[in-house]
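After this come two complexes, each holding chain A, first together with chain B and then together with chain C.
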Partner chain A sequence: MIFMLLMLVILFSLLTVRQQHPTGASAGNQVAKTIFAQHGKEAHVLVVTRSTDEDRAFAQAAVKRLKASGVDVLGEVNGSAADARKAMESILSEGKTIDAIAANHVTAKWTVYDRFPSVGSGKCVTPKPYTWPNFLKVSNLMGVANQTAIYAIIAIGMTMVIITAGIDLSVGSLVALASVSSAIFIRDYCGGANASLFMIIAGILLGIGICAAAGSFNGLMVTAFQIPPFIVTLGMMMMASGLSFRLAEGRSIPELPSMFFWLGRGVTFGVPNPVLLMLILYLIAHFIMSRMVFGRYIYSIGGNEEAARLSGVPVKRVLLAVYTICGALAGLGGIMLTSQLSAGDPKFGLMYELEVIAAVVVGGTSLMGGQGKIFGTLIGAFIIAVIKNGMNLTDVDPFNQKIVLGAVLTAAVLIDRLKRHAG
Partner chain B sequence: MSVRPSLAESPLLAMHGIEKSFPGVRALKGVNLTLGRGEVLALLGENGAGKSTLIKMLGGVYLPDAGLISIDGIDVQLSNPSEAIATGIGIIYQEFNLIPGLAAWENIFLGRETSFGLVQRTEERRRAEALFAKIGVAIPIDVPCGELSVAQQQIVEIAKALSQDVRLIVMDEPSAALTPQEVSRLFEVIRDLKRSGIGVIYISHRLDEVFEIADHVLILRDGEVVGESATEVLTRQRMIEMMVGREIKNEFPKHQHTIKGIRLAVNGLGRANAVRDVSFEIHAGEVLGLTGLVGAGRSETARLIFGADRADRGTILLDGVALKIRSPRDAIQAGICLLTEDRKSQGLVLDASVRENFGLPNLNEFSACGIIKEKRERSAFANYVDRLSIKIPNQEQLARNLSGGNQQKVVLAKWMEKNAEVVIFDEPTRGIDVGAKYEIYMLINELASQGKAILMISSELPEVLGMSDRILVMHEGRITGEVCDVANATQQELMELAVA
Partner chain C sequence: MARLSLAIFSGLLLVAFGCGDTASNSASDSKTENAPDVQSKGTIGFSALTLTNPFFKVIADQMQEEAEKHGYELIVLSAERDVKKQADHVDEFLVKGVSAIILNPCDSNGIGPAIKKANDKGIPVFTNDIKYDGDEGKVVSHVATDNYQGGKLAGDAMVKLLGDSGGKVAILHFPQAESCQLRVKGFHEKVNAHNDKTKNAKIEVVATLDGGGVRDEGFKATKDVIESNSDLAAIFAINDPSALGARAALEAAGKATQVTIIAFDGQQIGKQAILEGKILCDPIQFPDQIGKVTIEQIIKHFNGDDVKPEILIPSKLYYKEDAEKDPLLKKG
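After this line comes the complex of A and B, so read on.
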């Protein structure tokens, strides 16, 4: 599995190799250094950038560095070509000369410099371009991880359920239910955008709690009444979805406080919060499944429920707990999604159950139960995410993307079968 | 190897120089086998001797690495099961190949329905009835096979083979799940087959049956033929010695149990019609044998005591204290354990390692705050691997890959670790070879000598007579007889009580 993921990473890296232009502070420093090396202390330099955050960081760093080395900075333009022309006009009218222009790969292409014979675009100094795959850019990889995190979190619960030889089709609808119920609670009872931290936490726990209760209901139907999990959770899927739309009256609920968005969009220790949460949950789940009695019981029930029962395993209690956990994690996924997209919405989570089941299966967990690994699911989720992202970067048509994803899912299971057959 | 004169020209089946290797094992090392028309050949050997591999080649499941198979003198290549069927080979595996949801007649003709995808219901049902009539057993042909008893399913398998115009039939332990009565009916069927010139390969661990039905005996050990001869010139003793490769003095180990006070007392236990007003006691250090025909309610009684099914009526007292048992978990906590008759579907998680299987009921002991102390589990199990001489390459071996005897030992180890006071064995040696059987018997005696109460359910009358201190016989859900003087009891006597 991990081999397959690596192959995909290599494939998409090779397919997306492009010329890259450095941006931001480090690029600014680099340009300042080049100018100083070319012209020495006596140079008169104009810095030209657009008004984006990255460009401002570039300009600031360049100006700071140039000044530090004693170079005369004539001015700093953060704007359009017209702004640059005005700046040059005023500098030249004061009788000063322009020896070099610190620009980036965009501003250097402006034609405005050639209007002034004493300047010319030849005076532009730009950061050195380099070759690097678009896929492997830190921003892209972080984006992939961030998008995968929610699926992966829900897939933990699904892995447990599938290892017991069950299935949970309701997770997608529970995502919507958690999103809608917590958002409505915060809007209607906690002052919406002005809600306090305490009330936000209450809202989150309410959303997760409702989904955990729905999961328990699934578990109860499966254990006490022996209804097949497929049917029970299919029913829950419809009920939860309908309930979400009813509660939200079909609309999205954006009246949420900005503190709420930290969860899905904040960054801790340089890692996006959803990714961090995902990693922590996977470590915990791995520990439970491989080292704890509860995990051993889950595997034994999936392997042979009757033998487990006759060995004294509290089968019903374990199954109840597993479905509850699955529901709660789907709820948590719904909260994260609400936070990421800044609104509660009954349309969230559509088809998530299939995406999550696909991740679990691609990750090597058998639908027959008894076999599977938590980290396999994480890898499975990333395999799917990498394929999607890679196809976007290589401009594959969205319809074709669907075909490829379906084929990959089938192929993953086929390879697994063949390997098990051979081994 | 002796050539039998009557089969000199072209025997019905000849297997010559058959070799087969699996990764790490040479399962068969040049095996020769001949079977004449109308002959019954008993194939004997311990589990792992290579019998199943040999049979699977006839069934088209495996291809031999080397060697020839010929039918009526013509070499055949059996590369898949349908070729085997087309060649006229019918195989009845130990694990039945019946679809539980389909009726008997549907199972018999499964895959051979004629006439353009339409099921010829009337015709097939009529032929199924005729087959059962020929066998001489009444099987409700419209009941889904999953609801039939093991013995009935066995008959359906035989009928299925017969319906395919077979020239030779292989039966892999057909009698394992049958009562003596049913076995004798099976033998009548086999004699019928003989008369019509069909060759039969009969695999069994029950040597009595071999003497009764087989013309010839072929004994395998470690993938080689270690003996072949006509049945009448062999002794039971000699067969066992050839199978295990060493001398065995007693089939059943001698024991001197000191029987003390009552440990388990069952009173008026009942559930629907399966178990009716069953009462008995087991004393400390006593092996109580429980026998009867299949369906007499023996396993059902055990399941009630163990909480696997809920009793409608009755009380269970352990050391004078009334127990409330609502689930196996309750029973285990009270100190009762059950070694089920079907290890594969009820005793083991086959795709889990043997260590995990061993640990399953003992995780409280091997964990703290819900975290498993694997080291503790590992060393505890290592103890039993030595003590019970369980043959495994390592503790991570999957339970699925073990022979029946070793599987039973793993199950036994997990309950011995639990240190239960009452140990119920349901058919403890079914499908287990002679060598391992002896070891299991030793362990049963050892548990008894520790003062535990043992209930041993068995259909094998020699086993019941050889092992028990006292014997109960059940019939149609009731206890119909008790035999205290086991030393002087006979199989005849038990049989009479069982059919009551």
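After this line comes the complex of A and C, so read on.
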């Protein structure tokens, strides 16, 4: 499977090779140098950038460098095209001329310069572009990991459930339930946007706890009453979805404190928090599944439940625990999503169960149970995310995207099957 | 076996990206052919609410055309009403380095962080049809139908229909959408103004039900309304699909001639129904205008002009006479 992921990465890297534009202070220095080389000391230069941090760094460096080499800097615009227009109007009305404009690739594309016949966009000097695939930009790779994190976290529980030859269709609705219940708790009982850290943690635990309870209910029905998991969890999917719409009265709940957003949007050691949490959870899950008795039990139940029971595996207790874990992780996913999108919403999690099951199966876990690896699921989740991201970056038509995604998923599983039969 | 799997895999991907490839190739070809003064000025990213509703498809197509005219390339993605998907789209637009982003927010609040992210990168965000309500990020300009004025037009049409006789009226609402709230507000205003003036010919709103904006919900709601109000005279439906659901329910109950329907939107199916006399009239929206004006705002923004934060496109009443002149409809 990792081979498949590598192929996709190489493919999309090749397909998305584009011109890239340097930004920040080094780009500013470079532009200043170019202007000095072209126009010499006599030049009158206007610096035009937007008000973002990167652009300000660019402008500062350019102005410093230009002034150091004795060039006359007419002004510095940090804003929109309208600001640039006003600056140019005032400069020209004072009778001064503009010889060059230090701009970056974005501000150089503004059409505002052509309003003034004596200026024109031909006077823009921009940093020299270089070539690099869009797909391999650090920001894109981080984005893909960040987008996958929530699916991947829910998929851990789903992998365990599927290895026991079960299925859990309720995870998508539990995402919504956790999101809504914790958001309502924080809004109604903890003072909404002014809630303290302690109350936020209580709200998060409440959301995850409710979903864990729903998971236990699934497990109980499966073990104690022998109802097929498909039916039990289908019922839970509808109940949880209906309940979250009811609780939220169909609306989203944005009254949340900004501390709550750290979980889904914060960055630790340069890595987005969801990605970090995902990696930690995968390491723990891998340890449980490969090194601990509990993991062995899960595999043996999926291989042959009757044999497992006869050889002393506490089948019912293990199944109950597995469904509870799956529910709790879905709840955690819901909390992460709420934090990322800064509102609780009963519409969250729609069709997540299918996305998650697809990640598990693409990752090589058998729906028949007994086979599968936790890290396989992580790779499966990334394969799906990379295909989606790659198609968006290569401008595949939205309608074709669905066809391609379906076909590639089928092909990925087919190839895996063929390889296993051959080897 | 490894070779076989490689062959299947690469074959699939070739087929899959065939279309994407040719598109980008032709784009880069035209860039190199063009003279420097008409070179591509950049790309604009559009994440639509959904493309399965023809209304948004028209907006997307019109923007594509208009953007090309001004030397921009438009990338269209469909968020399928999923706000997380839409936030991911914004991430990808930023990676691609688009010049501007256009959204139909899937959630009037939830899209805030994504807009903020674009703001932080200095990429201007525009919205159309659905307004962003939160205060986290900043939208340069919003373009939409003037739904309040459209609702007033619908109210006028209702007064024209029942002004002399009076009668019972039901509203098929979709209260979750702000646009529909405005439509119903405008409608009420005109009807109330009429009721204040008249003594005997009052127009009485007997029921306001959720028609979901879709055919089957409209059907069910209408069935319930005529069950309890057998002397209903007219229905105001907030869009065409729910109006057509209402029509089906009226036909099933044998009341199609007694109850007149006034709808909203002016989608192809709605106009066809007006031509066939199934709906009396629609205040129609102009998605093509919405698309065109949105692109114009972007051009203005880059041209250094001040852009209005909100632009409303007035709607217009569309009766059978208009439908008969409409070249796009099937006659006979």
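By definition in this document, the second predicted complex is superposed on the first by the 336 of 423 C-alpha atoms of A that agree within 3 Å, B and C clash if a C-alpha of one lies under 4 Å from a C-alpha of the other, contacts with A are read in each partner's own complex, and residues count from 1 in each chain.
Just so it is clear, a residue touches a chain if its C-beta (ideal position, glycine included) is under 8 Å from a C-beta of that chain, and two chains touch if they have at least 3 such contacts.
For clarity, every value in this text was computed on a predicted model and none was experimentally measured.
Model built by superposing both complexes on chain A: chain B and chain C fit together without a clash. Touch criterion met: A:309 reaches chain B, while chain C stays clear of it. By the touch criterion stated above, A:191 is placed in contact with neither chain B nor chain C. Taking chain B and chain C in turn and counting the residues of chain A each one touches, the greater count comes from C.
In the superposition on chain A, A:299 makes contact with chain B only, not with chain C. Once the two complexes are overlaid on the shared chain, A:371 sits against chain B while remaining clear of chain C. Figure legend note: chain B and chain C, brought together by superposition on chain A, show a least Cα distance of 15 Å.
Residues 1-2, 4-5, 8-9, 12-13, 16-17, 19-21, 23-24, 41-42, 51, 75-78, 81-84, 87-89, 91-92, 94-97, 99, 107, 109-110, 112-113, 120-122, 124, 134, 136, 176, 299, 301-306 of chain C touch chain A in their complex. By the touch criterion stated above, chain B contacts chain A in their complex at residues 306, 308, 327-329, 332-333, 338, 340, 345-352, 356, 359-361, 363-364, 367, 370-372, 374, 414. Residues 291-294, 296-297, 299-300, 303-304, 306-314, 370-371 of chain A are the ones touching chain B in the complex.
If you check the complex, the residues on chain A that touch chain C are 4, 7, 11, 15, 20-21, 50-55, 80-82, 84-85, 105-106, 109-112, 115, 134, 137, 139-140, 143, 146-147, 250-252, 254, 261, 265, 337, 340-343, 345, 347-348, 350, 389, 391-400, 404, 407-408, 411, 414-415, 418-419, 421-423.
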